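One structure, pasted below without further comment.
Naming follows writing order (A, B and C), and every chain is counted from residue 1.
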Amino acid sequence: MYDFDWSSIPGALPFLWQGMKVSLEITLNAIVVGIVWGTLLAMMRLSRSKLLSWFAAGYVNLFRSIPLVMVLLWFFLLIPQVLQSMFGLSPVADMRLTSAMIGFALFESAYYSEIIRAGIQSVPKGQAAAAQALGMSYSQSMRLVILPQAFRNMVPLLLTQAIILFQDTSLVYVSALADFFGAAYKVGDRDGRLVELLLFAGLVYFVICYSTSLLVKRFQKRKTA
Amino acid sequence: MSYHWNWAVFLSPAPSGDTTYLGWMLSGLKMTVTLSLSAWVMALILGSIMGVLRTVPNRWLSGFATAYVELFRNIPLLVQLFIWYFVLPELLPTGMGNAFKQTDPAFQQFFSAMICLGFFTSARICEQVRAGIGSLPPGQKNAGLAMGFTLPQTYRHVLVPMAFRLIVPPLTSEFLNIFKNSAVCSTIGLLELAAQGRQLVDYTAQSYESFIAVTVMYLLINVVVMLVARQVEERTRVPGYIGGK
Amino acid sequence: MISIKNVSKHYGAFQVLTDCSTEVQKGEVIVVCGPSGSGKSTLIKCVNGLEPFQQGEILLEGISVGDPKTNLPKLRARVGMVFQNFELFPHMSITENLTVGQVKVLGRSRDEAVEKGLKLLDRVGLKAQAAKYPGQLSGGQQQRVAIARALAMDPICMLFDEPTSALDPEMINEVLDVMVELAKEGMTMMVVTHEMGFAKKVAHRVIFMDHGHIVEDASKDEFFGTPRSERAQLFLSKILHH
């Protein structure tokens, strides 16, 4: 049986916490951008302009058909090059975090836009008609009537997607970016205690995600009670 | 931009000598497809069993299935993969563990990847199956029991066949997801499509072409899967239900 | 044949059935009626063990339904049940619906089962629909198939749980006609229904339930002539105005 030795963990906690901060930063950034850009995409998809709806549909379908790993690699390997040749910047290692955040946000927006689109479509058509009858413009009726209702219906799904997003941040590993998982791997590798650190990382993720999902369920129950 | 486009790079011979760069891509594609299909079969079998277990009256069985789902749903796929690849061989009895570690590394990678994807996806399929069975009218179970079927017989002849016909669309999504998730397995060195894409970028200087080619291949997988799914949906339509004849 | 003795059932804090007792002899047709929520559907589901009960005893041809040692599937195979929502198996053709129980539960050969199934289908007037699927039939047709499906098992008695409540008015009669014929042939039947015309025609006894109690249990003539309880009188006056 394997000889477990958990002694590496206490000493590494500050370093692991730094990694967790990166994970949370990427998650939050992707949620905010995801919801904003996702809402715009959803509205474009539902608009009457063929050009806008085709663009939005193409964007969403593209990002939903390819793996996140690919998108992260795209942004990690290509974007710094592009930005450097465009702005003449010197190669800076910090592009990794920025490019990961951009790639993440663009990717997750596609998923958020599908949730939001379904949410908008779930608002009864009579609501839009009533808003128009009152003389509201399109953007007013969206902002004041449709979107608030749509979002209220979607909160559980948005939260669940956020949990998935948080788990997805572990993939920035492919950009050699030290998020929580990357940090855990580094410590394990350095101290030869990979087994313990991987299990510890799994446990931490489990606790965070499971408790958040329980909160979401409780929130859902209270809403429908 | 000082980038030189060169699409012919795919036909140039690869450093390994035996094939072109295109050959590398195709071998990556083959690996992705093989891995995904094997994991899918495992996930379908396991997921269906777990999905049924989640709906049975026995509290122990349904609780076990719930714990199973929560475990695989709340840990990131990458972390699960690393645990299967690095941790599991250490936790096996020393004889088995050593035997595994001595096999061909490519086999170790494939095997860990397949098991990881299999369990991960089975938890998601379990939820689809549970939702499918849950959406059936409760009278169906009663009708089966009233006829003299035991509960297992009722599941086998009445509930499960119908539930599976209902969940073909979400199962198709899961099937697509497995192909996408297979890319994560490149992190343990498995030479599937995403890994080959990365190799190409490293060896040629043609990063744009490589990435576009890999993206196109993933899109192709999508298209094929959707075509197959449409066929399956047509064959399994139940008259009288939405989408039925 | 069916003996219900002091049966009580509760769901948590809610008392569904209280001290219900009655007997059904072979060949008798019993109609169970009452306002919704009176427990009549629950009572009939207790008879073949689809609903468990906490107190009392139900005997089917001498076999106790509530006894944990009883082989319920075997018992249920001998009791036919027809549901409010027909509950045909949508993924099977009509013929398959009729034969699956015969083959898998009774162990008959496929040919035997098909022959019997088609004969019964003919009897309810639906032989032409044999190859169709439930989703392609009307409600009344589905319910007649459901009756044939139950009869295919050669049951000793038939239980009906509001068989016409989910049907459009013009289809109610086609189902009731089949049930009337069945009654005339001497089948033991326990029918939960609001269709008092049916009761008047073929019932031997009528049971009236309210809030989980059996309030009246009288012969047909007594019940329709001079019901004893006020509650039953009120109920009858409300529904007999159709």
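Going forward, a contact is a pair of C-beta atoms (placed from the backbone, for glycine too) under 8 Å apart; a residue touches a chain by one contact, two chains touch by 3 or more.
Treat the numbers as computed from the prediction; the structure is a model and nothing was measured.
Asks: Draw the chains as dots and join the ones that touch; what shape do you get: line, ring, star, complete or other?
Replies: Drawn as a graph, the chains make an open path, so a line.
Asks: If I average the CA coordinates per chain, which chain comes out farthest from chain C?
Replies: Chain centre farthest from chain C's centre: A.
Asks: Based on Cα centres, what is the most central chain?
Replies: The most central chain here turns out to be B.
Asks: Using mean C-alpha positions as chain centres, tell me how far chain A is from chain B in Å, no decimals.
Replies: Averaging C-alpha atoms per chain gives centres 22 Å apart.
Asks: Quick one: report the Å distance separating chain B from chain C, using the average Cα coordinate of each chain.
Replies: Here chain B and chain C have centroids separated by 47 Å.
Asks: Taking the mean of the CA coordinates per chain, how far is chain A from chain C in Å?
Replies: Inter-chain centre distance comes to 55 Å.
Asks: Please output the residues of chain B touching chain A within their complex, sorted ascending.
Replies: The touching residues are 1-3, 70-71, 73-80, 82-83, 86-87, 90-91, 93-94, 176, 180-184, 186-187, 194, 197-198, 201, 207-208, 211, 214-215, 218-219, 222.
Asks: Taking the touch rule as given, give the residues of chain B at its contact with chain C in the complex, in rising order.
Replies: Against chain C, the touching part of chain B is residues 137, 139-140, 142-150, 153, 157-158, 161-162, 165, 238-241, 244-245.
Asks: Spell out the residues on chain C that touch chain B in their complex, using ranges where they run on.
Replies: 45, 48, 50, 72-81, 83-85, 87-91, 100-101, 104-106, 132-136, 149-150, 153
Asks: Which chain A residues qualify as touching chain B in the complex?
Replies: Spelled out, the residues of chain A in touch with chain B are 1-2, 62, 65-70, 73-74, 77-78, 81-82, 85, 163, 167-168, 170-171, 173-174, 181, 185, 194-195, 198-199, 201-202, 205-206, 209-210, 213.
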